[in-house]
Amino acid sequence: MTRVSDHERADDDADAGTESDADRDRVPVLLVRGDREYLVEPGDEMGTDLGVLEVPEDVHSGDTLETHLGDEFQVRRLRGPDLFHHFERTGAPMVPRDIGLVLGETGIAGGDRVLDAGTGTGVLAALMARAGAEVVTYEQDPEFADVARENMALGGVEDAVDVRTGDVLEDVDALEPSSFDVLTLDTADAPAMVEHAPDLLVDGGFVAVYSPFIESTREVAETAREVGLANITTRETIQREMQFDERGSRPSTAPVGHTGYLTIARNE
Amino acid sequence: MTRVSDHERADDDADAGTESDADRDRVPVLLVRGDREYLVEPGDEMGTDLGVLEVPEDVHSGDTLETHLGDEFQVRRLRGPDLFHHFERTGAPMVPRDIGLVLGETGIAGGDRVLDAGTGTGVLAALMARAGAEVVTYEQDPEFADVARENMALGGVEDAVDVRTGDVLEDVDALEPSSFDVLTLDTADAPAMVEHAPDLLVDGGFVAVYSPFIESTREVAETAREVGLANITTRETIQREMQFDERGSRPSTAPVGHTGYLTIARNE
Amino acid sequence: MTRVSDHERADDDADAGTESDADRDRVPVLLVRGDREYLVEPGDEMGTDLGVLEVPEDVHSGDTLETHLGDEFQVRRLRGPDLFHHFERTGAPMVPRDIGLVLGETGIAGGDRVLDAGTGTGVLAALMARAGAEVVTYEQDPEFADVARENMALGGVEDAVDVRTGDVLEDVDALEPSSFDVLTLDTADAPAMVEHAPDLLVDGGFVAVYSPFIESTREVAETAREVGLANITTRETIQREMQFDERGSRPSTAPVGHTGYLTIARNE
Amino acid sequence: MTRVSDHERADDDADAGTESDADRDRVPVLLVRGDREYLVEPGDEMGTDLGVLEVPEDVHSGDTLETHLGDEFQVRRLRGPDLFHHFERTGAPMVPRDIGLVLGETGIAGGDRVLDAGTGTGVLAALMARAGAEVVTYEQDPEFADVARENMALGGVEDAVDVRTGDVLEDVDALEPSSFDVLTLDTADAPAMVEHAPDLLVDGGFVAVYSPFIESTREVAETAREVGLANITTRETIQREMQFDERGSRPSTAPVGHTGYLTIARNE
């Protein structure tokens, strides 16, 4: 048991069971000064409006770096929600709420193998990788796939996420049967992939599908039933932000986002 | 890059970057036959109504085991959502949806250090550990803490979760400053702990608080503001299950759970 | 202007602009004693477990009546929500919330002529009549129509609601063009009736349709667009009951009813 | 029974049970031409950008009027939802949805006597009057009260709504006990008025309170309990607009309005 509070943080890193010091040193970090925020890799030289920053190879969160003009930046570990701001977008990325619902309902964890279709910006793939999964993700648009690969590097998960250009449906016969723990789908032809879920998933594996429209959602749920998946549920999520001021507490009238209906089913 | 589909699953395990074969062999697995489901550790001897099962030390998901009477059970890897069924409960555990919202909004990932207060059944702590975090969690009730420790073993995360018996507020001075990436609170005195968030969290770290009542939620949000945390938002989540039958598609009229209001804030 | 607080209630009735004293005397009233509640008409003789009650022809709300055994009942005016308890049901009646939404969105008022299809128990028709509308309502099931007629008498609105047995679609040519201010539909074939809305409604008249399923709702909205209705909106309503106790305030986890999607459109 | 479809509309008016021909002739009507819409009274002379319109004393819905330049306007009966566009606003008026919820939950009907506090723009008072109620409404701001009086004339309900300038709490002793069927409150000091509800309401009468904040809502509900009102429920209403296009059907991401929490209680 690593006792977090008993020794220095730097020592602590050496003991960490899940990644070595060397691993951590190679991953990108955030440089922050007020509203300025840069995502950099160890060894980078970064030009800012406050001067040039040289990022040491052994940079650590908690360090302070100085530009050549003497302005200080704090070094921070990159966290999942930061990826929403720093990833280059090729469309509207899935929001933290919805990524969280996928993580929670499927139990993404270390050692998982995930097949993801509809990479898009790649935020879901990156956050699953950060939670310990190895992800194979398919993106049909070659330019989007290139951006997603750069995003994986930016997120420090290029070794855990294999971004493949193409249509997963055409590749499905080449994928190892019963080799995935979770299948995540955010594509227009999700129902066609759900047909393959029983073959691709291990026993007890989950499929999670986001569909923006009720008609496609229904098709997903019906296909899941037809191919014999279990525990099929489709949910819609409504979130309301609360407002607290001197007059009292009330729900905000801000727009309530609708990413889509989330259908979860299990291979039993 | 581990290419999931190119070789056998057994070989794959050997290459996995995040856990060695040896690690996987020691973790509990599920034995499943129809509606029967047992959570066992390698080496266990398990008495069932279908006879005795001996679990080999090198048991693997995908294996088939036989009782001494010849009845077969499938071996499955344990997934996060299984913990809801197999953990001994000392109260209503946080549901997968809400655990997912915490994971998604705080970006729990490998290498994170989390301070959790209000262990309860321990499902949140276990799922954060399964996503790569080292967790220190406080439970005031000694019996609940004992059950939580057994649950951590059952979930295969006893090395990653330190269940401490006691009141985190009394221990707070002994905790290393700036040593936690995330602080998760599900206790009646959450506001008092939020006061310590700026000291305990690294720069960029998150605090996530579940409060069932609007009055305590407001106190949490106000305390977060007073101590200078940033990006404070409180959200209520409503989920509706959809029903699809031959007549059409409609939201179910099933009860809509309310675990509480989730407040997220960041240490900037 | 009738000044409500300046004179006795009995005198007040005489001045009322909208109904004469004689009218009020003929309408049913509620007799209430604790949990016992009877809906009776002036002149009725009512057998109760506390003895026989003779209801005078000039019974008034606020009176106290006695059974022949000397037990007292209070006389109350019937209010709309009471109809939910006293109408004989031939199916699940529309709830006060949904009736209210129809009243509010269409502005049901004195002098309105309403065509209603799918009478059912008749609560919507009765409450529109109580708000001043003359209602023609169609019910295909002859037995249901008979019950609805009895319910209209029970609700004191038999002069304002014409319950017709049959399919409104077969009668549609016999209905006077441009003779209805509002068209309310709660039937499976609502889209077919929406086609006739521009002919049946006066300029500025509204159509309001309850459809339980999204597919039929979409068909209603599309038909409304095709026949040139304006301001077409479909809304789903979610209500949560709040709970206040000594621990704090929170939404109840009680089931959230879904009567259906309400589509409103206007004839312009 | 007035048979709506059997004779001419004009004759029909003569039979109408709830208002005489003379009454209808005096009420304001809408003149509509495309996007142009004027609310006028019989006998008015109206200057428009298309010329002058003289409104006959016996103007009827369905008529066509011409300006002196020969441009035609259609004559329409005023409907409740039109008041939102034509009333002069002294604040955000209650929306049709919320007015409908009050109408449905309290069963506003012909012959009701309503005490309303917090007149504001007066839309709620006007729509209750249009549904047959006599309304006494209090507005503390003298200028707002003047505007509300003009709005009542504009809505054709000046005989049914008595707009009083002042604080209802100061007048409460002068109000006749047990003289109101419904009490509607949309004021900051609603809890103080709820204390008087048992005295002011008839047996079986309802109180309906809109409170924007949860703290004041709780105070309303607790006061209702303390003074012995029955069937106390507080509800929050969330409405989502549905979108139908060629891709499919989904909830809109438009803002979800929150007028407030509606508390209903009954005097038993």
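Lettered A, B, C and D in written order, each chain numbered from 1.
FYI, a residue touches a chain if its C-beta (ideal position, glycine included) is under 8 Å from a C-beta of that chain, and two chains touch if they have at least 3 such contacts.
Computed from a predicted structure; not experimentally measured.
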For chain B and chain D, which third chains touch each of them? A, C
Homomeric contact chain B-chain C: same or different residue positions, threshold half: same
So what's the Cα centroid distance for chain A and chain B, whole Å? 18
Cα centre of chain A to Cα centre of chain D, whole Å, reads 51
Where chain D touches two or more other chains at once, the residues are 214, 236, 238, 240, 249, 251
Residues on chain C engaged by chain B in the complex (per definition of touch): 212-216, 236, 238, 240, 247-258, 260
Spell out the part of chain B that touches chain A in their complex, as residue ranges. 1-9, 12, 16-19, 24, 30, 32, 61-62, 74, 76-77, 79-83, 96-111, 113, 115, 127, 130-132, 134, 136, 159-160, 162, 174-176, 178-181, 202-206, 214, 217-218, 221-222, 233-242, 244, 249, 251, 261, 268
